[in-house]
Each structure stands twice: as C-alpha cells, then as structure tokens.
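In the two assemblies presented below, subunit A is common to both, partnered first by subunit B and then by subunit C.
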Partner chain A sequence: MFKVKFLAAVSLSCTVIIVVSIFVFSTNKQGDTQLVEFTTPFVFGRFQIPKDNPLTVESVKLGRRLFYDPILSKNNKVACANCHKQSLAFTDGLALSVGVSGKPLSFNSMSLVNLMWGPKHFFWDGRANSLENQALQPIEHVDEMGSNLDDLTEELSEIKAYQTLFEQAYGELNAVSIAKALANFQRTLISSNSPYDQFLRGEISLSPQEEFGRKLFMAHPDTKVSLRGGNCIDCHSQFLTSGFSSFFDGFSNNGLDDDENLAEGLFGVTKLEAHRGLFKAPTLRNIAVTAPYMHDGRFKTLEEVLAHYNSGIKRSKTLSPLIIEADNLADSQSQHISLNLAPHEVVAIISFLHTLTDESFLTNKAFSDPFKTGEPND
Partner chain B sequence: MNKVTLILLVGTILIQLGCTDVKESTSATSTVSPIDTEKNIEESQAIVLLSGLPTLGTKDSIAIIEMDPESANFGNILYDYPLPKFDAPLHHLYYSPNGRLYATGLGSECSLAEIDLVRNAQAEPVITKVECLDTQGQSVGEDIMWHSVNGKLHMFVTFMGGTDLSQVDAGSVGVFDPQTNKVLKIIEARKSQVGEGKPYIMYPHGISAYEDRMVVTSTVHPNLADGIGNVVTVIDLNSFEPIENIVTEDAKPVGFPSSPVEVLFVRPSIVEGVEPAVLVNTMFGFETWKIPYDAKSKVFAEPEKLYDGATAGTGVPLEFYGNDTELFISHAIPGLVKRYDLKSLPDLVPSGEDIKTELGAHHMIFYSSASGRKLIAVQNNLLNLGDAKDNDPTDVDFIAKVNDHSLTVHDLTTGERLGMINFKDKYQKGIDNIEALFGSGFTHHH
Partner chain C sequence: MIKPFKIVGLISVLLLISVAIVWHNTVPKQLTLRFYPFLGSQPLVLNNEKYHNPGGEGVFTIRDFQFFISNLVLRSKRNNYTELESYHLARFDVGKAYYEIVISEISVSDFQQLVFSIGIDSTANGTIVIAGDLDPNNRMAWNWQVGYKFLLLEGSLYSQMKQQPLVYHIGFNESYTRLKFPLNSTIVSNDGIIKLKVDILALFDQAEPIDMNEIPKVKFDPEDVAKIAKGFQHFISLM
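Showing the complex of A and B:
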C-alpha cells in the first residue's frame, strides 16, 4: 500500500451496518432514556458530545420540536426550519435567507449535516464555538427570529407540551436548555448513505464518469508526475467532504474577491489580518440540492462554482496558497490563477458531486417536522 | 530439505547474530511542543492482531491499544474483539485506499478477510463483523497491495500456499475486484509446471508495483520445511503473467536459499525524480538488494547487493516502512530498525543511528505523543511461535529468539526507548501485526 494517508479520520465504513443513525433505546438508572446505540462510518472520525449535554432521546425529541416551531421567533412565523428545509439538506434555496425583518440576511443558509465532525466553529465566519452557542444566535438576531430569550422562555413555559418535554429532557426550562436541545437534534442529522458512502463500503461501483470525477476531486494537481486534479480535497476532506477540524484549518479564502472587496469572514472573530476573507469550507454532502453556493449565495449552479475554481479566482493577500499553486498546466506563464481543467473534467467532478446526495437523509422521518407527522408531544 | 536441519542451522546462526554488538545510539534531545488540546486522542492508538498462545489458554482477537507512553492507559487494551477459531491466525492488517480494513490469514479457512469497523454512539471504534472472503482456494495470505492497472484499481494479494498447499512449489497472487472482493484472476505459475527456465511464482510474500510491472518475492513454503525461494518474480500487469525471475542471492550465510521477503518498488511517487528500482530484503540471506529498472525499456538490470547483514551483524531483514524523509528497515536479529535518507533512494544512505528494539523487530507504526513527541513503535515478533519449555506445540526453533512478543516505543528523533508492552507477559497472547488506528502513519509499505 502506498501513499494511503488517513490523517484526520480514517478507516472504514461497514458493509452491512448502515448508516444513518440507528437508534436503540434503553433506560438508565435515573429514568432518562439514553441513546445507547447508533453507528457511524469509522472513516468519519471521532466525535465529541459535551458531557453536560448527553445525547438523550428526550433532548433530541425536544430539539426537533423546537427546530420546527415558529414560536421561537418574535412574530411566531419563522422557525429554524424556514431557512433549513430537510428536502434541501437543511438549506433554503435562497442566496441570502430572510427572517422576521424581511431583510436579506448577510449569509447563505448553511446545510445542517454531520455537524459532529469537521470544523468546530460554526456559521460561515466561525462566530460560534459550539453547537449550543450557535443555537441561540439566530433566535436572538433581530433580522432572523428577533426573539428575546426571557420572553421566549416564558412563552414556552405556558405550553403544557413543552413543560413536559423540558422537564423530561433537562429538568428545567431556560435558555440554556433550549440551546442544548437544538444542538442535540442537530447532532443527530447524520448523512452517511449517499451513493458515495455505498461506494466506500463496497456496495456499489461508481459510473466511469463519477469515478473519474472522484479521482479528480481527491487529487491536488501535480504536473511533474502528470497527475491531474480538481484540488477539492485540499479543503474538503476525503470522507466527510467538509473542512478540516483542527483549529481554524477548516476556513479558507477561496478567491471569491480581491483585496478591495474582501469580506471580513473569520477576521470578524479572531481579529487577525491573516483571517480576513476566510470562510468556512462547508461539507459537500448533498451539495447538489443546496444551491445557491458560497457564503453569499453568489453562484446559482455547480457549473458556476467549477467555473470559479477553474478560471475565476481573484487574488488577495489571504488567498489560499493551495489554490494559487494548483494548476493542471505545466509551466503556465499566465499570472491568472486557474486550475485549467478540461470541460470533460469539470463535468466529471460535478457528476461525482451528485453521488453525495443522500436521499435517505433528505427523507428520514426522524429529522422531519413533528407537527406535520402528527407525532405525540409527550 | 530436512526440516530439523533447517531449524537447527538457522536457529544457531540467528542466535549467534543476535549476540553481535550493535552500536549504542547516542542520546539526543528531541523537541517537544506544548500539548495540543485539540489533538485527536486516537492518533496514538493502534489496532493489533493478537494470537492466543496454546499453552496459556488464550484466544485470537483484534484489539485496539493505547500506544502513547505519556498516557495513563499506555499498553492497555481499549477494545477487544474475539475472533472465531481458524486453522491459523490472521496475519496482516491493511487499510484500503477507501478506508476498508482487511486482514490476511496464515491458514486456509480464512486467508483473507474484511473487517467491519464502525463507531458507536460513544464515538468508540467497534468491530461488527469479520467476513472471510472467498479466495477460490488460495491459502496462507500474506501481503495486500492496491494498484491501478490501465486506470482501474485492483486489489492484489500474495498467497504463499497458492491453491494447493500440499505442493512443494505452491503459491499464487490473487487479483480481486476492490469493490466486491471477488476474485478476478489467480496468477499461478508453479515451477514444476512452467517448464525449465520459464518464470515462475513460488511462495509469494512481498509485493510492490510501478506502472505495469509488479514484483513479488519467493520466500519460504508455509510449512517451513518443503522449500525456500531465492528469486523476485516480475509480473506483467498487462497480461497478468510472470515474465521474469531475478535471483537475489549471494553468500548464503545460513546455507539456505536467500528467501526474499519484503520488496519495495522505489518510484517517483515516493522520491521525486528517482530512477526506479526494486529494493529486496532477503530473510535468510540477511541482505538488502537493489534491482535497477529502466521504465522506458522496461528492463530490470542485474541486482546489486546494498547491505550485507552477515558482515554487519544483523539477520532476518524484514519490512520497509517510510515517512516523508526516511526509509526504515527492520532486522529481526538482533532486533533493530535501520534508517535511511529517503531522497537518496534507491541507495541506502544512513540517516541516523539504529533504533534498538528487541529480537524479532518486524512491523512498525509512526505517530506522536500527547506532548507532540514523534514516536515509532516496533513489533518485535516474527511469528507467534511458542516455547518448547512451555510444552507449546507451535515451538519451532527455526525462528529462534525472534518472538519477543513485544512492542517497543521509541522517540523517532533519538531512538530512545520510551516504553515497552510485552503481550505474552501482560495478556498471555502474542502479537501478529500492528497498524495505526488511523491507518498508515507511514507511506511506503509496498
């Protein structure tokens, strides 16, 4: 075996055990029902769940209900699910989401999937350092949901179903338990049964075009050894297809703007100039259903995304060096940064990206709107 | 060949070599960085194949162990998956390029297996199944290599027992579909059947490839009695047929054929701009050979001996492992790992002092401690052969003193020994193979 590096998270997925969270429940001594069994692909790597917020059945059930309940918003019309629709891999199809104020928000809605892996900072600019921290920010944001947490807590406490659910999950109803519940529901949003996953488990083979695209995806171009590559893996890891998890390694300036127009990005959080214009490298899981793309939704299609990487890169002082040096043409004299992929290579990469669509994830009833499925409240 | 004669002769000489002095490594100070609080704790864990020892009442298993000497859990088994009773133990672990875990096995009941490894809700790695694969009768699996042939990935497995272990010239290379694990072809060319002077495959063990040329070694009959090889076989991957035998043998320090064991096709993807060549370790020749290769004409040149263990005081060279800067070769006798400058390959230019391990130095992994110290762990066990004084039926002194049953952990920079785990003492088991839990940690195995 040669040059098989599994650095961040390696190993194996199973051939039989599948996939998306198989939950089995049992009762512990305290009477709480714990999630004691689900499996994920080993190749996804280790994950951590906060010790003060174990993944219990009760917390996930509560979190799911809260996620779909517009009561979380000031006008009781906007739920988390408004901007995070399951059928769109928990995005909303808009370039910029719209909340209670009716104004376009600053960012494109991020897909919520496999959040236990990848960068440990959330939102496009990394401004939340945990899912719990992330959960309350949209609720309080004046343009998103516009709620006051004290008012929301009081409102929820007047509803019998929530009294019961919070009591069962956390023993108390407050902002902290709201955040914990939402975080835990999001932790269960695991996608691991796409055709790519099935390929990794050896259950299927990819088409020649998909396989060609996969190889390009996984390769950093190296003209010295005639290796052509799409350079995708430099920012999107092999199995999760997300950004890397260490520190801020999962954030990158991918050449969307020149210095004059460079957005703050991660700089807004760290105040480090080296982080100006860096945004989170998102997971590419279900990417075919999460258009439009980039932090500001500027690209409508995957073709536009590939065109950007192939010929639309703009120089700036924090542009990723991995992008600068990635060129499939040897001795290119052009100052213009380009991957120089051939059209059929672009098509192949897009074909591979479509293998990341996990239909079972998009239709999993465990992730769906409990108000529509008529499930009991308690 | 008389088995007893072979056993005694080799045993005697190995013991003698084992007494040969080896220079002490000088102690240097290594750089230790502050503890990385975001470090993945699994980076210092390893997955090992453990063999039950018949006289100690233990059974075979696959275990995950903590390998960081700085950890309170150092040497502890974190997870243990009992294996069914097969006619011989599982032997080598390999991760495929897609992260699937495989094992070869030394018997015929399970000579190749896929191991289903997943994570449970506590994020712990757990094995859910070990599936023995249909090899169409090929037995005694050794090495696995994934290599593309005309743009299509294949899984190649060397089977020292071939399709008929009873034959004195047994051996085959199985070609598998890496997705389905189905046999695509069995490459078998027994010496007795191919005709005088024609290329053959016999007891294949080591395997490596570059472009459309694959090399496998001819080591020893699995019963350790019926025969020993002395050639490297070249296979044309366009036809999947053997096309050449190259003898790598010289002094015969123990009087037997050289028994080429592991092999590494040094190629540009390992060392940029290198002129390709094959490196070969000979188990009973105690030597390391270089076979230059002209990729344009596809001609292998005369082999050249690069290292002579008989004069240098080492015996039974086994594995090639590497990282970004160095190549490491394990020598079971007296138990050490030699290190060479990667950029100088295919020539062997020492890059540092030998790492002193224990008798049986064999497989190795590379990783770092919690404090960031770069480490190497070495398996000191050639095979899990018992001791006659324990009335152990697996005792064959042919492998005398090369079954320390231990792992030693060393500072990669200085070679300083930082810890040791003796599996026989601690768990009443032997160790067959070690692999970093995250795979590789090394880059150049084949």
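Showing the complex of A and C:
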C-alpha cells in the first residue's frame, strides 16, 4: 500500500510537465531574439541558464550549425559531431576518440544529454566549470580539432551565412559567441521520453524483469534487512541517472584501478589528494547505445560493466567506502570486494538500463545535422 | 528646585535613549546561524585527521559528512518567525570550516527561542517536492520509496591491523528530531551571529557508547538507525 501510494505520487508529479519559458535580461546586442520554449519533467529538478547567454532560438540555430560544421577544425575535416553522433546519444562508439592528429585521445567521448542537470563540471575529470568553457577546449586542443580561435573567427566571418547567424544571435562574431552558441545548442539536447520516463509518468508498465532491475538499481544492499541492491543509485541519481549536481558530489572512484595505476581524474583540477582517481559519474540515459564504457572506454558491453561492479573492483586509497561496503552477502568483503549479485539480478539491471533508451531523442530532427536537411542557408 | 524645562529636557533625553535602544533591537537586520563541526573538543578535519572510536578499539577518519537542518523557527512572546522552504543541507567540504544559514531582515533581539530539526519532516520526506536544499536527484536522496538520508557520515575505521569502511546513512521519519535553544543578547553577537557546535561524537558517545567495530555501517536496519539517531538530541549545542 505504501509503495503504491508513492508510485501514484510520482506518476502524478511526472505528468506535470513544466513548460519552460525563460525570461531573463537579454544581453544580446540584437533586441528581437526569441527565447526557446521546451518541456522538461518536474522530476529533473531545477536548472540554470547563464544570464549572459539566454537560450534564444537564434543562438541554438547557430550552435547547431557550428556543432556539425568541420570548419571548426584545423583541417576542416573534424566537426564536434564526429565524436558526438546523435544516433549514439552523441558519443562515437570508440574507446578513445580520434581527432585531427589521428592520435587516440585520453578519454572516451561523453554523451551529450540533459546537460542542464547533474554535475556542473564538465568532461570526465571536471576540468570545465561551464558548458561555455567546455565548448572551446576541443576546438583548441591540438589532437582534437587543433584550431586557433583567431583564425577560426576570421574564417567564419568570411562566410555570409555565419555573418547573418552571428549577427542575429549575438550581434558579433568572436570566440565568446562561438562558445555561447555551442553551449546553448547542447542545452537543448534533452532526453525525457524513454520507457523509464513513460513509466514515471504512469503511461506504461515495465516488464517484471525491468521492474526487478529498477528496484535493484535503486537499492544499496543491506543484508541486515535482507535488502538486495545493485548499488547504482549511490552514484547515479534516481530520475536523471546522472552524477549528483552539488559541488563535486557527482565524481567518484569506482574501483577501476589500484593505487599504482590510478589516473589523476578530478585531482588534476582540485589538487586535493582525496580527489585522485575520481571521475564524473556519467548519465545513464541511452546507456545501451553509448558503448564502450568508462572514462577510457575499457568495457565493451554493459555485461562487462556489471561484471566489474560485481567482481572486478580494485582497492585504492580513494575508493568509495560505499563500493567497498556494498555486498549482497553478509560479511564477505574482507578478502574480495564484490556486490555478489546473482546472474539473474545482473540480467535484470541490464534490462532496466535498456529502458533508458529514448528513441525519440536519438532521432529528433531538431538535433540532427542541418547540412543534410538543407537548413544552413535559412 | 529643579526648573520645569530641565525636567522636560531630562525626560526628552531618556525618551531618546529608550527609542534608540528599541530601534536598535527591532530594526530588521541579518541573523546568521553558524554551525561548527567537532568531534568532542577536536574540530572536524576531513580525510586527514584520525579520531578515537568512542565505543571501542581503533581510530577513524571521516571522508564525507552532511546532514539536513530543517523547519527553522524563531519564537518570542509576541510573534514567531517561521522560515519558508526551510531545508538546509549542512556540509563542511566547500571551502569553509563551518556551515551557515543566513536569515535576512529580522529583528533579532525579540526572539527568546531558536527551534529547528535534524532531518526532514514526514510530509516532505514522503514526496519528491523540490524545496530549499531538497532535491530528489541529489546524494541525500535514497529513492522516492524510501525518502532522504537525514545524515550521511562516511569514512574508514582502522582497528586490529585492518581497515574497514564506515557508512552511516541515517534516515526514516522516526529519526526526525526537533531541537530547541534559548536565546538572549549574550548568545547573539553584535553582528547577528549565533554560533552552534555540531558534535559528531554525540552520535556514538552515548550512555551506552557505540563501538564502530560492532556497528560500522547503518543504512536500513531500524534498530541501528534508532541507536545513532538517539544522539541527535545532543548533536548540536550553543557555543
């Protein structure tokens, strides 16, 4: 009865879709810009858009074109979309992405979804503190796009379509407006119509196996009260499935390496020893299409990921106590860290993870390549 | 004989002084509740400081410590101030050694009692409402069927040549604890600050001290939760 009451409450809340019209003081030089309207589930919670970069139709249109335009790279062959393909939830299917230099990069391509929620620090190691700050780093990185921002600005200013789009969106063409436009396009990449979302809205039921997996996902195991759990929710929030948004709560050491092999991770940003080896807990939205997994793409399948959490955890000084302690068998952790999930429980969790795939997001024309739909010269 | 104009002058001066005092005490200003974390007499130092297990052998470190303060009320004989959306997540890992709640535009001297709770009231704990620091997507949320952790304490215990994780996630409606503190002019500083001590050891160093070796983790077992939550009564005190 208790649970039914709660489910009803959540369903009711989720049906209250917030239609967002953002009214902020526009600092655009153009006075006739139009603010984007979009819908977002109530359960996603609060979000903020920078006051100096209002989410306008014009800025999103410009950002979308820039995102798909290889002109942003030094050799005019690599666009943002090369490593962020819509059909793969804006990842690239590679363990480590490859840019203009042809050398594998240090990290796996991150999915771009629901970026207005979750951690406020971007990249696997949190080195950018805003989407605007994030946007320029790949453009300038010698191995990713290798561009010089002054040269790029000059190149863009020679193209009539961009002259018009920048004028309409920001009134000026410079590195700042390039970053702002890319950030705003990424803000519109909202996924909220997966089967899990539909379940939360009370529109569908999950299969028994998916529901079993959902319950395991949402539970930290406690053998004292016979509660079995996959421990996923300790790092991935219940509705967004991303890392947590406050400060660096969305970063964790999930036991991939021992002390000898531990990468810097968040330590590289904060220089706090407690942050060594911590990486961003990514969103699990569309996780079934974003393989391979982890910051270095070491796991090819979700089965490998679950096997890691179930039996492959390596100890290190900053390993989360929640991971060490999480065990579905009483007092078995002294030798080997393991969730000790049964095989059918692993299958159920993976089954639930598949309910996070949002087909309408993966095929939404508003997020697609405008060069293929004849829109760039609008 | 004192002349009438002198009496009038004296009365006027006294009146002015009285008005000034009343004005000073009632003019709205900022009140700050500042919480300082301790373990007994030692200030909390995350990660690097080791503290004695209050109920047994060994020492322990604290990696993460957060808790909810809620439903803040200031009471006087004449009126009460009740904070709206009063859910504050106190934490001590974001650049300051203390956590503070600032209440703007309030006549501080009137109030005789400060009241707030540790945890989340059952109404808010049973919903996914977003108010104050309540956020169903944050670290303190278990899931919508269980509610919030009221207090999160995580670290490591070093005892008998071994290290083991400490995980105390204390929630449940039964743990919600209302605390009351008397207020007077000596407690509120001139700049409107009330200092409070948060003593983590109070959760363990009770009439029957809790040995972290025996209870290194508390999550959903109601009896264990109640044992730790009993310490909420003495968890916070005026400094």
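Methods note: the second predicted complex is superposed on the first by the 341 of 378 C-alpha atoms of A that agree within 3 Å, B and C clash if a C-alpha of one lies under 4 Å from a C-alpha of the other, contacts with A are read in each partner's own complex, and residues count from 1 in each chain.
Assume a contact is a pair of C-beta atoms (placed from the backbone, for glycine too) under 8 Å apart; a residue touches a chain by one contact, two chains touch by 3 or more.
Note that the structure is predicted; figures quoted are calculated from it, not measured.
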item	value
Contacts of A:F199 with subunit B and subunit C, given as first, second, both or neither	first
First, second, both or neither for A:L55, with subunit B first and subunit C second	first
Partner chain(s) touched by A:A274 [first = subunit B, second = subunit C, both, neither]	second
Touched partner set for A:I324, first subunit B, second subunit C, both or neither	second
Touching partner for A:F239 - first (subunit B), second (subunit C), both, neither	both
Which of subunit B and subunit C A:V225 touches, first, second, both or neither	both
Which of subunit B and subunit C A:A79 touches, first, second, both or neither	neither
First (subunit B), second (subunit C), both or neither touched by A:P41	first
On subunit A, positions contacted by subunit B and by subunit C	2-3, 6-7, 9-10, 13, 42-46, 224-225, 238-239, 245-247
Residues of subunit A that touch subunit C when the two form their complex	2-3, 6-7, 9-10, 13, 42-46, 117-118, 218-220, 222, 224-225, 227, 233, 237-240, 242, 244-247, 249, 273-274, 321-322, 324-325, 334
Subunit A-facing residues of subunit B, complex	38, 40-42, 94-101, 114-121, 123, 125-126, 128-129, 131, 144-146, 178-181, 268-270, 272-273, 437-440, 443-446
Subunit B-facing residues of subunit A, complex	1-17, 35-49, 55, 120, 199-202, 204-205, 224-225, 238-239, 245-247
Subunit A contact footprint on subunit C (complex, rising order)	46-47, 63, 89, 91, 93-94, 126-128, 130, 135-139, 141-145, 154-156, 162, 164-167, 169, 216-217, 219-222, 224
